[in-house]
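Look at the two complexes coming up: chain A is in both, with chain B in one and chain C in the other.
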Partner chain A sequence: MKTIFKSLLAITVVSLVLSSCGNGSSSKKGALSSSVAEKVYVAPGEHDEFYAFVSGGFSGQLAVYGLPSGRLFKVIPVFSVDAEKAYGFNEETKPMLNTSHGFIPWDDSHHPDISQTNGELDGRYVFINGNNTPRIAKIDLTTFETTEIIEIPNSAGNHSSSFVTENTEYVVAGTRFSIPFPQRDMPIDEYKGNFKGALTFISVDPKDGAMDIKFQIMMPGFNYDLSHPGRGKSHGWFFFTTYNTEEANSLLEVNASQNDKDFIAAINWKKIEEYVNNGGGKKVPSRYAHNVYSDETHSATSTIKKEVLIVNPSDVPGAVYFLPTPKSPHGCDVDPTGEYIVGNGKLSADLTIHSFSKMIKAIEDKKFTGEAYGIPILDFDAVHAGTVKQSGLGPLHTEFDGKGNAYTTFFISSEVVKWKIGTWEVIDRKPTYYSVGHLMIPGGNSRKPYGKYVLAMNKITKDRYLPTGPEVTQSAQLYDITGDKMELLLDFPTIGEPHYAAGIPADIVAKNSKKIYKLEESKHEFVTKSEADSKVVRDGNEVHIYMTMIRSHFAPDNIEGIQVGDKVYFHVTNLEQDYDVPHGISMIGAQTSELLIMPGQTETFVWYPKQVGVWPFYCTDFCSALHQEMQGYVRVSPKGSKVPIKFTLDGDAVDAE
Partner chain B sequence: MKKSKLLMIVGSLLLLGLFVFPLWNITLEAPQYPIPLGMDIHINKFEDTHEFDIKNINLMNHYVGMQYIPETIPEFKIFPWAVGIMVFLGVVIGLKGNYKLFLAWFIVMSMLGIAGMYDFYLWEYDYGHNLNPKAIMKFTNPDGSIMGFQPPLFGSKDILNFKAHSYPRAGAYFMFIGMLLTVVAFFVGKKESKV
Partner chain C sequence: MKFKVVVLAVVVIFVTSCGNEKKEEKSSAPVEVKKEVVKKEATTNPMDDKGIGPITSLTLADIDETMVAEGKELFKMKCSACHKISKRVVGPALAGITERRSPEWIMNMILNPEEMVAKNPIAKKLLAEYLAPMANQNLTEKEARVILEYFRTKKAK
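The block that comes next holds the complex of A and B.
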């Protein structure tokens, strides 16, 4: 108790010292009078109020945390193979990581976003982008598993993604790097005018969530950094920040920082949709993978698609405009009413806010100051709503609490700044530890933010945690934003880089969570629905083992007649129909991962026996009192041996047909 | 119609509730089952309280060598007939209006009920004591005898890590109230006959 008190005191003192213009009023009613620990404490057996889906950045994964506790519940593999869950290792999920470049077992996962209906979170799916080999993934929140990945052609560095429109009509995938279009062998210094930036609109089927690339807008060769959908009055528009409007191709640090203003591209996607629906655009050959996982077959399929519809923005007058925005804007955030578009010039000390209604007026009045590649550039003063002055150093991202306030992260000065929409005055600022990137308010990218907490995601932690060698954890920090002043409640370590996050009230998601897969409904090609159906079948040098698992045994458990040089498939079905009773299996010498099989599910791994002998397999997930007994053997004979295929079932020997 | 006749007819018709609602329920609570496992017993079938509960009860019970709960038992063929006939007889007697027969009906029905409960007990006893000699886990009572796993006939009981509850369900209450009404019908009929 004393220790807790001491550390609370220490936190208070530290925040007093570090808060640059703290007037101390927050700490008066802060840690001492109301316990900060109590605010994040979730008692044993109780549940958190929010789910937070925090991207793993370079881990290629998505982590599920509870807020306010900061407890880690699950790491969902999305673009990375994951031995824990056999994702990308078993035969069923290998196709998920297929691309036009072949099997790519990693990516850089940046911006998760939750599906919406009428501008509010509906908790059906989380979408997330793969940055490196451009992809968009969909995670189903009934199973918390990646169920669809679509590759983005004509794109590179898929960064300004994956944000959804108000009714999840579209998920966008904007390219950070412009590249030659069509892709070809050409001198890099001929970048200007030859490179293009694709903004991709992926439609989402309202019934089953199926994704499909509806169209790509082939934009000028800038870098498209971040994006946000319009909402409310600006529903139908999408906003993308750009940098390198200089179209430089080397030493961008200098050469892409010459223009005083870059642009926010405002895209009237409804107009383009209409144009496309009326036969507009041009079908262009492209190669990209579309991978879909089915909960019925427990298997993924990968299809290579061969063409995509391209829209040239100058062919659709009135659909695309540029809003001049100082200075290399990074974050591009739209407030819950849809009126204000915040552009954070990362080289600026100010935040620039545009007004949607002024933008529409400026378009009507044709207040243009020029054009770029046929796209009108709007007059800055005609669209500018206000500026938050001298707010900090290196503004990156803004979120909103739904009560008229905005919160912006400052990377260089390591702080979160709260300011008021409309008056543009700074209300409060709190330090972060350290170098904060994104921040997240649950429902932040919707018309209805749940403005109770803000989660800041930090790149550097230095002295905040026990050292773990040269690599220390990155972290997230939770602030209470219910009062006038923000209050730091908690920091907790995260997996990979916590690049961005999406949060949602737990009760929207939890009630839909799947408990088991029904065995009787399985359409897996190699399902074994009862022990009596388990068998071993030789087909040339391929051997298929149809195996079942239940507490606490495998059927069959002893298999003979396997030969060196065979290719042995273990098709393993978990016969359990009870919540939270997975079983695992792994085979000595298998050049893959274990399988972790949910109740009612079938998974497959391949084993290449290389040495003569009798080799064990066993259950890898502690499942029951007799978990240690859950095991079996495979007898491996020399190639060409006369030992017939046979196995034991329920203690009795069975000869294969 | 006389009040007694009406009561007798309504009383015996209430038994029809047994065709709709479960008669009895056995629920097993354990720390690992925050949502307890349960089985509803109807007059013609066993039913999961939550999907797959019976499968999971079987799976748990195999550790101590208990038998699998069968898909069906011969009683499921007899009970619906017995109840149906009693309802028919009750209505016929009610229409006829001989109050003495009301009591006779009640006594027959009570005997059938007791027989049913005894059958249930035998079934439970066998289920809890006739264990597979190759069972994975063997438990003995403090006196050294082999531990049985018989669920209670009525009430709650601790069995290893489980707490077993055995209580009547809506079908049984329909039956009890119906039978009670036939007794009331008897007394009302008796009173009416003296007037």
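The block that comes next holds the complex of A and C.
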């Protein structure tokens, strides 16, 4: 009996192996065929075809995924402190989170956008906005680290941001909430006419990417929701959706939905740039932080700027127009040719598409139906190109595949709808799970989309994953869009709220990725370039420890002469010069995070010893076979003790020979 | 019992025939090296072992003091955390290194440590003894050469 059973088992095993190996015919299993799995399968050791930079929403960070696999590679800290990387905890990065309100350790990150040259993705930087305490950040794609953050003055709920023009001349930040300008103590119900909405144009230096606020256009007190640049023929223009043209200050869900149409504001930024370059605009006192991280000093500096240039739109005739657009338009998307501007009225079932050439003609022919605060309102029929009718409920955002098709998300009916530019007919629709917000096609905001996949980002997942208590993951869904019909390939969980994303072919970025920081090039104020240079220096009650790390020890690793009440700086340099050999360090009782230090980099944390004793520190990143041996001790004596400063490695003073 | 053996055989044949494309290249390289190892260990003097890497042959002239000074600085920054001249630390003491190893071997160990500790018999033995693999500090050939010059001034006593 036993033998028979074993034999049967063996036969079963063999047949299982047989059927799983090299069986080409794909039998359909439910909604997904086995060929779908192949489309997202990236074999061990192989690389993904695209990077996807997915915002973390209320986590304040930016996550880096591979597509089509959906594998998470890195969470880049941007607007929120991150203990894993010591961002906002170490002395070097604390200035990155400085603002005119002081140190702000969190923000709500929304819309990443990749830098462009000639309207195509160039893969140098990702920009992303912080909504709450308005900021724009720049992430350098050689290091995948946040290297610059600029605060936006006169702005609030920085939402219609951070989209770039086609040569990255500007990254744009638009205010969602209008506020008093200048900011002052006044009754809230005097909103109308007194609150203003600032649209901020931040110039980006073509050489080093340095950001600077070039001008702010002080618009009427509407809510500026989303924006996109013109491209190709419409390069030089920028389009912003508005809602609350009613200028309501309370119960907006009712009071801001009164008007049948709100506006898309069309801004001729080239005209305003010219005006400003010729001395136009007014310099106004202001306070905002500009924070820059340097890869040479491995440190950030924060400068408070005191002035900003304000442009009143009625002072620049021909620069600003309003395009009437039905029902509180949200998404504002421009097709790859630059001809069509899609406004998605979130309280409508229709999509409204305006034509850029019709707009230019209407301006020439002065087809205006009125004005708002001196800004001409164009005749709807004169600019309207077409409508995608009854396509779903709650349209939000549109992206393009570069083959004449557009893809729009519908929040209420939870679907992605594919439609044809020009005929405005719906070609396909696929459900999302659930309540989709933005969607992303790599390069979908440029002249050259890579129309292979669309990524839909969902606000609600409910039953899609194993439950994890009341808080469940949010997620992204990947669709193949190479055929007539979209095909759902993959669900994957995301960090925070995957608000929006930017995608790019991996080969544009990967080849520039930095591997180490060269030790000899370091200009960190407290770098220790060799063990022989390591030291401990007392300056009153401040003690500076210049420490090095290499597989698998610290130098020095025995330190004496520290006293209770001291402020002890650990300046730690990783002497490794090999790819992927970071080390970490943590000190018992230090009220901060560990440090994670890349090869050739120096980082600093502060420790306040509070108790007498001998206290250990150790390497927090499993670095080598002898990682567990990578440790050291600090002797803490009572305040005023006679124990002298002493630092050793293996009983000796540390030197090279 | 007998039946089980047959089944096993079938499975083995099957597994080897399925997905065999990549296997060949991977298995061939180490085998060759192994042969070499056996021969070399039996016959060669360490000073004849040039190691594996970009440096195949090197003729040394009189010691160049400028290079020595450059080498000393570089050694201090990039190497001295693991190597001292006078004593063993993470890696071996380096006094007299140029009397124990060929100049090519020394430079290859600096420039190509991963392959050296994987394939070169002397380097493999050192890894077994010291356990910490020689780190790649991403030096250029020129940098490795001046460090070698510095080593030439550090004779065994």
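Just so it is clear, the second predicted complex is superposed on the first by the 616 of 657 C-alpha atoms of A that agree within 3 Å, B and C clash if a C-alpha of one lies under 4 Å from a C-alpha of the other, contacts with A are read in each partner's own complex, and residues count from 1 in each chain.
Simple rule for what comes next: a contact is a pair of C-beta atoms (placed from the backbone, for glycine too) under 8 Å apart; a residue touches a chain by one contact, two chains touch by 3 or more.
Quantities reported herein were computed from a predicted structural model and do not represent experimental measurements.
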item: Which superposed partner A:Asp578 touches (first chain B, second chain C, both, neither); value: both
item: Touched partner set for A:Glu520, first chain B, second chain C, both or neither; value: second
item: Partner chain(s) touched by A:Ser641 [first = chain B, second = chain C, both, neither]; value: neither
item: First (chain B), second (chain C), both or neither touched by A:Ala625; value: both
item: Which of chain B and chain C A:Thr473 touches, first, second, both or neither; value: neither
item: Partner chain in contact with A:Asn259 - chain B first, chain C second, else both or neither; value: neither
item: First, second, both or neither for A:Ala532, with chain B first and chain C second; value: second
item: Chain A residues touched by each partner, larger count belonging to chain B or chain C; value: C
item: Chain B versus chain C as contact partner of A:Thr548, first or second or both or neither; value: second
item: Intersection of the chain A residues that touch chain B with those that touch chain C; value: 516, 550-551, 576-578, 625-626
item: Chain B to chain A touching residues, read off their complex; value: 35, 51-52, 55-56, 59, 63, 136-137
item: In the complex, chain A residues that touch chain B; value: 516, 550-551, 576-579, 625-626
item: Partner chain C, residues of chain A touching it in the complex; value: 3, 6-7, 10-11, 13-14, 17-18, 21-22, 516, 519-520, 529-532, 548, 550-553, 555, 575-578, 581, 624-626, 650, 655-657
item: Footprint of chain A on chain C - complex, ascending; value: 1, 3-4, 7, 10-11, 14-15, 18-19, 72, 75-78, 80-82, 84-86, 89-90, 131-132, 135-139
